[in-house]
Amino acid sequence: MMNFPTTVPTEAYLILSAVLFGIGAMGVMLRKSALTMFMSVELMLNAVNLSFVAFARHFGRLDGQIIVFFVMAVAAAEVAVGLAIIVDIFRSRRSVDIDDVNWLRG
Amino acid sequence: MLEQLWLVPVFPLLGAVANLAFGRQIGRTMVSLIAIGSVALSFLLGVNAVLSFMSLSAPHGFQLRLFDWISWGAGSNAVHVADIGLLLDPLSSVMVLVVAGIGLLIHMYSVGYMAEEPGYARYFVYLNLFTFSMLVLVLANNFLLMFVGWELVGLCSYLLIGFWFTRPSAAAAGKKAFITNRVGDFGVLIALFLIWVNWGTFDFFGGPGGAATGVFDDPGRVLATQGVAFAIPMLLILGVTGKSAQIPLFVWLPDAMEGPTPVSALIHAATMVTGGVYLVARAHLLYDQSPDALLTLATIGALTAFVAATVAVVQTDIKRVLAYSTVSQLGFMVLALGSGAYAAAVFHLMTHAFFKALMFLGAGSVIHGLHEQQDLRRMGGLRRYMPVTTWTFVVGWLAIIGAPGLSGFFSKDLILARTFARGLIDPVYLGLYGLALLTVGITAFYMSRMVFLAFFGDFRGGVDDHGHAVIPHESPVSMLVPLVVLAIGSVIAGWIGVPSFLTGGTSPVSAIEVFLAPAVAATGVWEGTLEHLTEIVLTGMSVMVALAGASLAGLLYLSGAVNPVALAMVFSPFTRLFEARWYLDDFYRVAIVSNVARIASFLASFDLAVIGGSVTVVVRTVRGAGSVLRASQAGYVRGYAVTMLAGAFLVLAASWAFR
Amino acid sequence: MEFVVFAVFAAISVTAALFMVLQRNAMYSALFLVLNFFCFAVFFILLGAYFLAVVQVAVYAGAIMVLMLFVIMLLNVAYPEPPDKVLGFLRPFGVVTAVVFAAVLAGVGFGSKMGENASILPRISDPTSGAGIILKGVGAAEAGHVQEVAATLFSRYLFPFEVTSVLLLAAILGASVLVRKRTEHA
Amino acid sequence: MDGLPLLSIVLFLPLAGAVIALFVPGDQPGKSRRLALLVSTVTFLVSLLLWFGFATGTAAFQWEERVAWLPEYGIGYHLGIDGISILLVLLTTLMLPLVILSVSTTITTRVKEFSVMVLLMETAILGTLMSLDLFLFYIFFELMLVPMYMLVGIWGGERRLYAAMKFFLFTMAGGVVMLVGIIGLYLLKGSFDYVEILKAISAPGGALSIEMQLWLFAAFALAFAIKVPLFPFHAWLPDAYAEAPTGATVIMSAVMVKVGTYGFLRFCIPLFPTAAHDAVWTVSILATVGIVYGALIAAMQRDMKRVVAYSSISHISFVMLGLFAMTTESLQGSVLQMLNHGISTGALFLLVGFLHERTRTRMISDLGGIAKVMPVFAGVFTLVMFSSAGLPFTNGFVGEFLILTGTFKNAADGLQPFAIIGASGVVLSAVYLLWMYQRAMQGPVNPAFSSPDDEASNVAGGRTGLVLDDLTARELIVLLPLTALIIWIGVYPRPFLDRTAASVEAISARMAVPQSGVLASGTGARVP
């Protein structure tokens, strides 16, 4: 039987967090659907949350957890406004393809 | 009553303010009453103040400080650059009486002269304002307040010359007068800086409430720095040449005749143009320090007197003859100042105020009677149509050419005598005396020419430019009364300066000089006095010269013995020079005005091209860089996401590498 | 035991994440994301953040994802994406960038050696210095209790907490303005 | 009254008004205009308390307010005024209601936004004048740009966007460099608080090294020189002044550019005395060039507004000359001249605006004989013109005379030539102003215009072309305070000079220019 550590080291959480963050980032870059991009952003946010909580345990302080609350609040706000924008774009373009939305071209 | 001195300038100011505020509503009678009443009150208070002042024992001057002006701080930190205060001394006494007195007469005259004028109230506002400003100028107790009056009279002059501002020539003349004066004021301004730096005060005299030591309490302070002792008088001379229309800045005065004639009489003959003379007389203690400055002044005066007289010979406009005559007479005053005979200058200033105002008003009466005709060639024989005007004018004529017994005789001879006396010490002055004597002859000539052409012979102006018949008529009584008063003044004003060789007094100087002495007596060592016999000879000479000039005019224009046109042909190089006014205007136009304009237009295009252009270059550069960079802004969200992530990656990698 | 749980759920979450990202159907992506959020809740429990775990399920898996699904169904765009025409080069480039980035992040995690002395972040040397809320001597397991969290949130972080409410209010207003039916003058 | 935070009230009243104005419905222009007028008037009335309560004879800051803001960076909310700022604060609070009242017939679109922007501008300007914290000062300094950009860009003339952008970029560029200077100063002295920094610098051994002073001085001076604008940084001015709507031009010329001169006096000179002293010649040359240059170019302009714009460069250069002569007289003159310039230039722009409103042209050649048609207008114009030309018994004379005398007095730095050349600017100002007056206001009446009285009078043909009414009651109300101040300051400037004296003397003492030719002990009076 392998000799598993009894507690999971903080590094493990950080690596997991990095991997999930990378996957999320990949989603933002690969997906053309605004909705899926949005979900990928949520995934990235959660990955960051994970490392905050891991650090909180590591340093024995609550501040990391508190930050997660704020991130969640921001995420909620972001989702509300972001989805509203997507709905708005869909109304005018009948599409959520992000590449159609390039009016800000310089 | 001396404490009420401040009311003397304030009344005209109140009159101006009242007419400015209500002049358009209250009707012409009220406007005239307010305007004349305020000046009359001012005159009466002035007389009263002068009498009170003379009754003081051994008076040098009376100083009345009114309120702080440019000053700040309190206690030991207080700084008094200048305060508002008045000074009454013999010099300002004479000036106040002249200004308020002549001013009063001209206000009265204007009622008739300007009766048909739409801008009636405006005219009297300006005239009252001028009286106020001139009184401030002569009553100020410090240089800065005097400069205020000095500038304000320039303003009023501008406003009144341009009174008929819809005439382009009037508007241009007003501007020319103001700007030319400003050039002169530039010199005064620098002189004021020097005074402040050297004395730390502008007060003429120290006294309670002001500086402990005034400029004139310690005029020798500048002797320590020789340059300053010369510079201040020279800079003030620049102002004098502007205000008193001397070479090289006299060009504005003939143009100033665009204004209404009473204005020409008051401002451009009797009072404002004598401001420069007053300034030098007031500051004579500074001039006494610098013989060089005095000589400059005398030379300017003599040359101006001569040049202006020669130009006057060829003028055909009655007002222009008088204008050049004024310049010439001011030249005499300045010559007197330059000779150190300040009292003589002030004396001539006073007599000149009477007879020149008289002649201007007479000319105004003529113009009025001829329906705005000013050309001498279309006058003639007016004595039959307007007798009062003619005979008062003749009095003025006799006074100015120096007919014995009249005012001009005494004052002009005093100047000649003093210049001659100075010449005994400094021979250059003998040359100036000769020039002045010649000018006396020319003066007699052109003045006689004018009188003969206008009032004698036959009337030549039967038809005006529009073909209407012109019948000359005498002016209304309101215009004639001032003429008569001034004519009387032109006769008797000189009697306060009768030389002692005629009165048989023991004093070497005349009564007016005695009176003025506390204020203007030269402090130098070289004020010469002459033997009575010498004075008699000099007087005889000047009378002879004047007689010769008048006789020549009689031959040319009265008897017709010599044809003036033929004579002019003989002297054509000279007449052309005179008619071109010695080319001074042309010189200014070519050498200064056009060059300044050229520089200015160059700078304007420079500003547009270089200063503005440099901005354009920067803008172009930025815009070019922007158009390169904008290619990267394709507007694709995912593209931005990649860029962001790549950037974050680079930052991380960099911090990893350089950890 | 803890490690085993961690390993299992780590594998699930990574797999779910990959499926989410690679899935062309938005509806399926959303469901995989929900699964992912549950995994995160488990990690929070492992890390002693019990209250957060509850909130994670309630807010993320509950509220946010319901909102998303609602929008997906509202817009009825659960069709497969068309192939990428405009930014085709992004596909390999994006994958590479994301992988490298994740690797770098993970490298940072490995290299930090936090088990010994922290090199990335400063360790609080003196717990009594009062620079923050320090857990009172007990194990980290107690740290996630509601009481502790609340005490911190409503004392030291009171002001940001209040500001957050403003943010949420702004989001509500913004969202309602954006999705409002256009009136005639638009 | 002592307990009230008077400065904060004056400072934020306009801002509060702007916020309230935002809630006025956009289709009720009259309401927002009246609101703006009311708020700015109340602000002015409150600021009068500052004027009357101001203690003379002390250089200390008055009505100081100090609240820690970001204490870890030494940033505080620190307000206070002294003799240097009191006049400008009053000028600002006076000009703004006048501007709002003056534009009611010209600004007819987006009135609400206009009112908001003008009120915002008032707070920004007052903030720069009251701030005693460099960070706070910088915020207000940059805040000034925003409303002014809008005012020019939205309500301006044909090339408004070009002018607005030019103005914005110029001032912004200067401001950013100043920010670097401010941060540099913070790094050296550990505070953004002006009073603290001044104290630290004045302490023995606390002075900055000369290299440091020069760099920081240059950073500050660039921002202010652009704002003033000092030659050759004036490229933004003619376009901005000419294209802006009259109200904005007045705010800019009368008030906003004073922040530049004020900044020189408040920051550049006291904080970096050695560098300032080294810059005396440079600034004097630029100022003197500006005086003559502006005057000559003004004479060449065909647009009345541009004449006034260039004349404004010429006149503000007098202020700069006086500031850097650093004698008591010249500084007093400069501080007063800042006020005078605001009054005279502001009034001139207002008058040109009123004329433009009627004639629909500003080209001098298209006018002519206006004085005949609009006599009251011409009268006021004459007064203001002569005030601008520095005629005695108007405000311009007192200021310019003090500046030139004080500059001349500074023989130690050899500034006499500058005073003399500067004095020639007095001549030139008469040239271009009178020339403009002659061509626009005098001469035969242009047949394109006629007076409303013409029908009654016997003018041939009666009314022709545009009928030009004389000044209305509203316009007279706008001009009355300005003309009254022109005369008041000209005849009795003492209340103004007294208020500035102590602060000015503190600065001139700090700079310690050797004063030549000071009167020695007297030798007795002669006049009884």
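Going in written order, the chains are labelled A, B, C and D, and every chain counts its residues from 1.
The definition used in the following text is that a contact is a pair of C-beta atoms (placed from the backbone, for glycine too) under 8 Å apart; a residue touches a chain by one contact, two chains touch by 3 or more.
The structure presented is a predicted model; accordingly, all values stated were derived computationally and were not measured.
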Check: Stepping chain to touching chain, what's the minimum from chain A to chain D?
Finding: 2
Check: Which chain is the middle one, judged by CA centres?
Finding: D
Checklist line | From chain C, the most remote chain by mean C-alpha position | finding: B
Notebook entry, point to check: What whole-Å value do you get for the distance between chain A and chain B if each is reduced to the mean of its CA atoms?
Noted result: 89
Next item on the list: List the centre-to-centre spacing of chain C and chain D in whole Å, with centres computed as mean CA coordinates.
Entry: 56
Checklist line | Inter-chain centre distance, chain B versus chain C - centres from mean C-alpha coordinates, in Å | finding: 91
Check: Quick one: chain A and chain C, Cα centre-to-centre, how many Å?
Finding: 5
Notebook entry, point to check: Among the residues of chain D, which are close enough to touch at least two other chains?
Noted result: none
Notebook entry, point to check: By residue number and range, which residues of chain C touch two or more other chains?
Noted result: 86-87, 90, 93-94, 97-98, 101, 105, 108
Next item on the list: Any chance you could list the residues of chain A touching two or more other chains?
Entry: 25, 29, 32, 99
Margin query: Which pairs of chains touch each other in this structure?
Written below: A-B, A-C, B-C, B-D
Note to self: Going by the contact rule set out above, which residues of chain A touch chain B in the complex?
What the structure shows: 25, 28-29, 32, 37, 98-99, 101-106
Next item on the list: Name, in rising order, each residue of chain C that touches chain B in their complex.
Entry: 86-87, 90, 93-94, 97-98, 100-101, 104-105, 107-108
Notebook entry, point to check: How about chain B: which of its residues touch chain D in the complex?
Noted result: 56, 59-63, 67-74, 77, 79, 81, 87, 122, 144, 147-148, 151-152, 155, 158-159, 162, 165-168, 170-172, 174-175, 178-179, 182-183, 185-186, 189-190, 192-194, 196-201, 205-207, 211-214, 216-218, 596-597, 599-601, 603-604, 607, 611-612, 614-615
Notebook entry, point to check: Residues of chain B touching chain A in their complex?
Noted result: 629-638, 641-642, 645
Next item on the list: Mind listing the chain B positions that touch chain C in their complex?
Entry: 636, 638-639, 642, 645-646, 648-649, 652-653, 656
